[in-house]
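Each of the two complexes below includes chain A, the first together with chain B, the second together with chain C.
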Partner chain A sequence: MSELFTDFFLLQDPNVRWVLAGTILLGLSAGALGCFAVLRERALVGDAVAHAVLPGVCLAFIITGDKDPFMLLIGSVVFGWISLIVMDYIVRNSKISSDTSIGMVLSVFFGLGVVMLTYIQSSGNVNQSGLDAFLFGNAASMLPEDVMLFGFVSLMVLVVIILMFKELKLVSFDPAYAKVIGYPLKRMEFLIATLLVVTITAGLQAVGVVLMASMLIIPAAAARYWTDSLRVMLVVAAIVGGVSAISGSFASYAAPSMPTGPLMVVSAAFLFTLSFFFAPARGETRKWLKRRGQKEKVKRENILKTLYNLEESDGNETKVRTLQEILKRRRMVKKMLKSGLASLDKTGLVEHFTGRPDGYVLTDAGRNEAKRIVRLHRLWELYLTEKLEIAGDHVHDDAESMEHVITPEIEAELLRILKNPEADPHDKKIPKHTINGNR
Partner chain B sequence: MSGKSISEKNAPPVEVHDLTVSYNNKPVLWDIDFELPKSQLIAVVGPNGAGKSTLIKAIMGLIDPVSGHSLIYGKPLEQMRKKIAYVPQRETVDWNFPVSVFDVVLMGRYAHLRLFQRPTATDKKLATEALEKVGMADFANRQISQLSGGQQQRVFLARALAQDADIYFMDEPFAGVDASPEDHILQLLRELRSEGRTVVVVHHDLQTVSGYFDWVMLLNLRLVAFGPMETTFTKENLQKAYGGRLNILSQVIELSRKEAFIRESGHE
Partner chain C sequence: MSTFWIILTACLAASACSLVGSFLVLRKQAMLGDAISHAVLPGIAIAFLLTASRNTFPMLIGAGAFGLLTVYLTEKLQLRGRLMNDASMGIVFTTLFAIGVIIITLFASQVDLDQECILYGEIAYVPWDLWIFNGMNMGPRPVWILGFVLMLNIIFIVSCYKELKIYAFDRQLAISMGVPVMLIHYGLMGSVSFSTIAAFESVGAILVVALIVVPPATAYLLTERLSRMLMLSVVFGILSSISGYYLALWTNSSIAGAIAVMTGVFFGLALFFSPLDGIFFRKYRGARKELNELSLESGKPVAEYPQV
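And then the complex of A and B:
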């Protein structure tokens, strides 16, 4: 395996060089173009077109009796276009919804293609061997002339995307506005559709019609996790497409009987999964960490508040509070309380006294923080009862959650609206803001 | 904004002749005829489904009319595209699209850029100025999904300002905007007027129509009334526009909605 690996990546075999160059270009262009398909919510249309080009390819073969890549390209582009027109016509002139029309065109055209493929295979034409690679792709079987043509096509697609980035961006984001300022919207849409058909055609041999749409959709979907900039999204999607192409081609080289398309798609899906979980800012892991961080913060703030409440009830700021006392005041899992107190101890908000009794005392900084939370809680209760006229016995739970999210700006606003109140609706004192603590 | 010549001869900014629009053979606008005055704030009001948005979309060529046509400064629309700016309702786009606030505003400058041409430093400066005008300069680098509804509205307004057009069509620019930004937007509209531009606003709040605008167009499938605020925004006209659709025209329209609506066009 490792020998194969070095053979492949040292590019000594000229055939490998060809295949790799062709598939990388394909991956790059499909990835970049796919962003527009995905953002314009045309991903399924791409899938239908990909399936619908099969009869075109077969027809080209039946007419010419040969696998001339240029003729196959023509047949494929023509049928790609026919499928687009049919889908559009059905939606325009009937009450059939667009997803139904896409589904019909996809399956009917593909079915027709499979019938024609079966016919060709039973016709005994010697040239037909390898034609079934169009279903799932076989990069290793590509000849230099195939690569040259399809690679060139991919390169052209990339060039158009780069040159027309600005136009494609506007038309994808806000087509109505584009039209108002004089963009030839119909021609732009024709261009985008052509790029789509052509890119799908370029992937015929390497990926195959069944899975070609994934090479448009998955890299774009993965790239969206990494960025909020369209430019960066295109680059990331192109890279995901390129990397998937490389791994698919390698597998095809290592095991020539293995279809390339599925392997490319599996690699792309793997990269998507990585993005889904681990992309900074938008990935799931980050979201989970953020949620957990918020939960920890709420827990710590609740402990501080409980310690403050204990001080409030007996007026003793130096008394050591045991775990039992705290738990009596506020129900929580003991293990959680311990870990919360440990974290507060580490940040200097409470002090741990090990002795008899073993317990905790608020530090000055901790007391200030506790006062802030209690203040927010009571201000919010007061606001709800006074300004929104909610009954006093209904406001506690709401304040329990709001005390952890109110920003200093909102706090100032609340103080202003309520005119620096002294007590909350339950006649509890609202702790004042203390500057620099009370040392 | 650059103070270039706005009036081309004496042609009105917009003329609409015999405009009829239908969706799926159901008429939504019926034989509309009018000329807009220059440098005015013009409100288009009428009940839901009266065809207000449809009217401005048809003038801008976003919807093909069944019959009739409109002229911009006396010329066909296609020659005058750059002179027209559009502030659509904010629901019309996907706000999760990966672009920044600044990107969107810069799109207003695309009207003046050729194919393949990148925005220049001047374009960027004008876009920044437009953002400042709507009070959103601090948000330039934000992704658009992070904006509130009112902020999204102001971004669309900034995009139209950056375009530096002569005629502005705005579809409910005050929708979802709070009172204080609303005053701010009104101020901007007045500024546009004082620069000689014509502003057409689809407006839904009857309370503020007479305070905000100079002219008013009352619409309900047909043109009910159009003219200066004092003489046109009358109880009688409002009754006509908002009252029941009991006159003969509306009955006929109702009938034609049930039957297939066919209109012959192209005969002079």
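And then the complex of A and C:
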């Protein structure tokens, strides 16, 4: 295996060089273009087009009697286009919905392709062997001239996407605005559709009809978790496409009987799963950490507030508060209280006194932080009663959640609106801002 | 005799698929048929590996599990992953299909399935796939399986007809009227999975998609009543099966492919010549300036058409 590995990546076999270059270009262009399809909710149109080019491939073969890659390309581009037009025509001229129209074009065109393919196979033309590589793709069986043509086509698609990025973006996401500022909308739509058809066609021999759609969809969907910017998304999707192409063609080189397409798809799906869980911008782990961090913050703030409330009730700032005292004041799980206090101790907001009684005291910094939370709580209660005229006994719960999210800017605005109030609706003192107090 | 069995198999598959397909078309979830028919492949392959036989029952279980898994994963990915429905479906089914193909290739010596037969089936071999019960020849096995699934579908539709109808046309209304929507939803998905799998084995994945989507769409153009739509879609499925068989015979090509083509031909005829809403008649009436009262096609959002 390791021998194969080095052989493959040292690129000693010229055929490998070609195949690798071709599939990487394909992965890059399909990944980038797929972003437009996925973001415009037309992911499965690519699936239908990929299936619908099969009759084009067969027809080109029947007419020329040969597997000339250029003729096959022309045939499939023509049928890809026809399929798009038919899908569009059905939806415009009947009550059929777009998903049904996609499903119909996909299956009927593919059925036609299968009829033609089996007809060719039964006709006994010796040239036909290898046409069925179009079904599942086999990068290893590609000839250098195939690779050159399809690689070149993919490269062109990439160049067009890079050069016309701004126009494509505008037409894709704000067609009304594009029209107003005088973009040739019809021609641009035509261009995008052509790019799609051409990319799919170029990918067929490597990935195959059935799985071509996934090379458009999966890299783009994976890239979505990494960023909110279309430009970055295109780059990430292209990289995901390229990496899957490399692993797919390596596997196909190592085991020539393995079809390339499925291996590329599985690698892409693996990268998608990684992105889904671990992408820093929108991944699941990040979401989970964020939620957890928020929960921790709320817990710590509630503990500080409770300690402050205890001080407030007996006016003693140096008395050590035991766990039982705190729990009596505010009900929570004992384990969570302990872990919260430990983390507050570490950050210097409370001090732990061991001995008798074993307990905690707010430090000055902790007291200031607690005052801030209590201030926000009481300001919000006052705001609700004064400005929104909500009854005083209904405002506590709302303030309980707002106290954790009010920003310093909103705090300043509340103070301004309420004219630096002294007491909350329950006549409790609103703690003042102290110098250096707001951590 | 073999002609009879082949046509009967195709007709049973067509009826089973178009009955459940009608609801998918109405629910605008037609591509689910495509997704399920591809995604069941690893289930079939695994069942094949584990039991080392072409026994139907484990295959049905394996495939059914993966069919429901597809529906579940698609919905989960859509909710949690904040992806569009079509994108999440595309990811799930292509990946599962790819895994299935890899399993089959890896264990090619043990798994007597080849990729092309998955795509366009081996309906021509149906007459030789016999079910021997107690030493008695009961006829082709697929006929029995498809007949059983068709019966299940009919029972499901007849017993839940009213609920399915409300669910198909207006999910919100169904919820507000207390229809057990989730039950109906997963019931329907289960029926789709079973029909797909039963048909898939003999007619291939692509014909399954054609049978699920095209005959119901054809019927949808010809009537506005659900009961008639169901009946018409079965009729078109059967007509396509018979004519497709003879088309394949004539051109010496794949039967499944030819049946798919015939479903498309019937749809094309309905699209142009439907007395309700056909393009041809609309033009004719338009000439008589009666278009206004007959423009039934409204009520559909203009933006909803597949461009790229």
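The definition used in the following text is that the second predicted complex is superposed on the first by the 435 of 439 C-alpha atoms of A that agree within 3 Å, B and C clash if a C-alpha of one lies under 4 Å from a C-alpha of the other, contacts with A are read in each partner's own complex, and residues count from 1 in each chain.
Following the convention adopted for this analysis, a contact is a pair of C-beta atoms (placed from the backbone, for glycine too) under 8 Å apart; a residue touches a chain by one contact, two chains touch by 3 or more.
The shown structure was predicted, so the numbers you read here are calculated from the model rather than taken from an experiment.
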{"item": "Contacts of A:P144 with chain B and chain C, given as first, second, both or neither", "value": "neither"}
{"item": "Partner chain in contact with A:V115 - chain B first, chain C second, else both or neither", "value": "second"}
{"item": "Touched partner set for A:E167, first chain B, second chain C, both or neither", "value": "first"}
{"item": "Touched partner set for A:P431, first chain B, second chain C, both or neither", "value": "neither"}
{"item": "Of chain B and chain C, the chain that contacts the larger number of chain A residues", "value": "C"}
{"item": "Touching partner for A:R224 - first (chain B), second (chain C), both, neither", "value": "both"}
{"item": "Intersection of chain A interface sets (partners chain B, chain C)", "value": "224"}
{"item": "Contacting residues of chain A [partner chain B, same complex]", "value": "39, 163-164, 166-167, 169-170, 172-174, 176-183, 224, 227-230, 233"}
{"item": "Complex interface listing, chain A residues touching chain C", "value": "36-38, 41-49, 51, 84, 87-88, 90-104, 106-119, 122, 132, 135-136, 189, 192-193, 196-197, 210-211, 213-214, 217-218, 220-221, 224-225, 257-259, 261-263, 265-266, 269, 272, 276, 282, 284"}
{"item": "Complex contact set, residues of chain C against chain A", "value": "25, 28-31, 33-34, 38, 80-84, 86-91, 94-95, 97-99, 101-102, 105-106, 108, 115-116, 119-120, 206-207, 209-210, 212-214, 217, 220-221, 247-248, 251-254, 256-261, 263-264, 267, 271, 277, 279, 296-297, 299-300, 304-308"}
{"item": "Complex contacts: residues of chain B adjacent to chain A", "value": "57, 60-62, 78, 81-82, 84-86, 88, 92-94, 97-100, 103-104, 107, 110-111, 113, 115-119, 143, 145, 159, 163"}
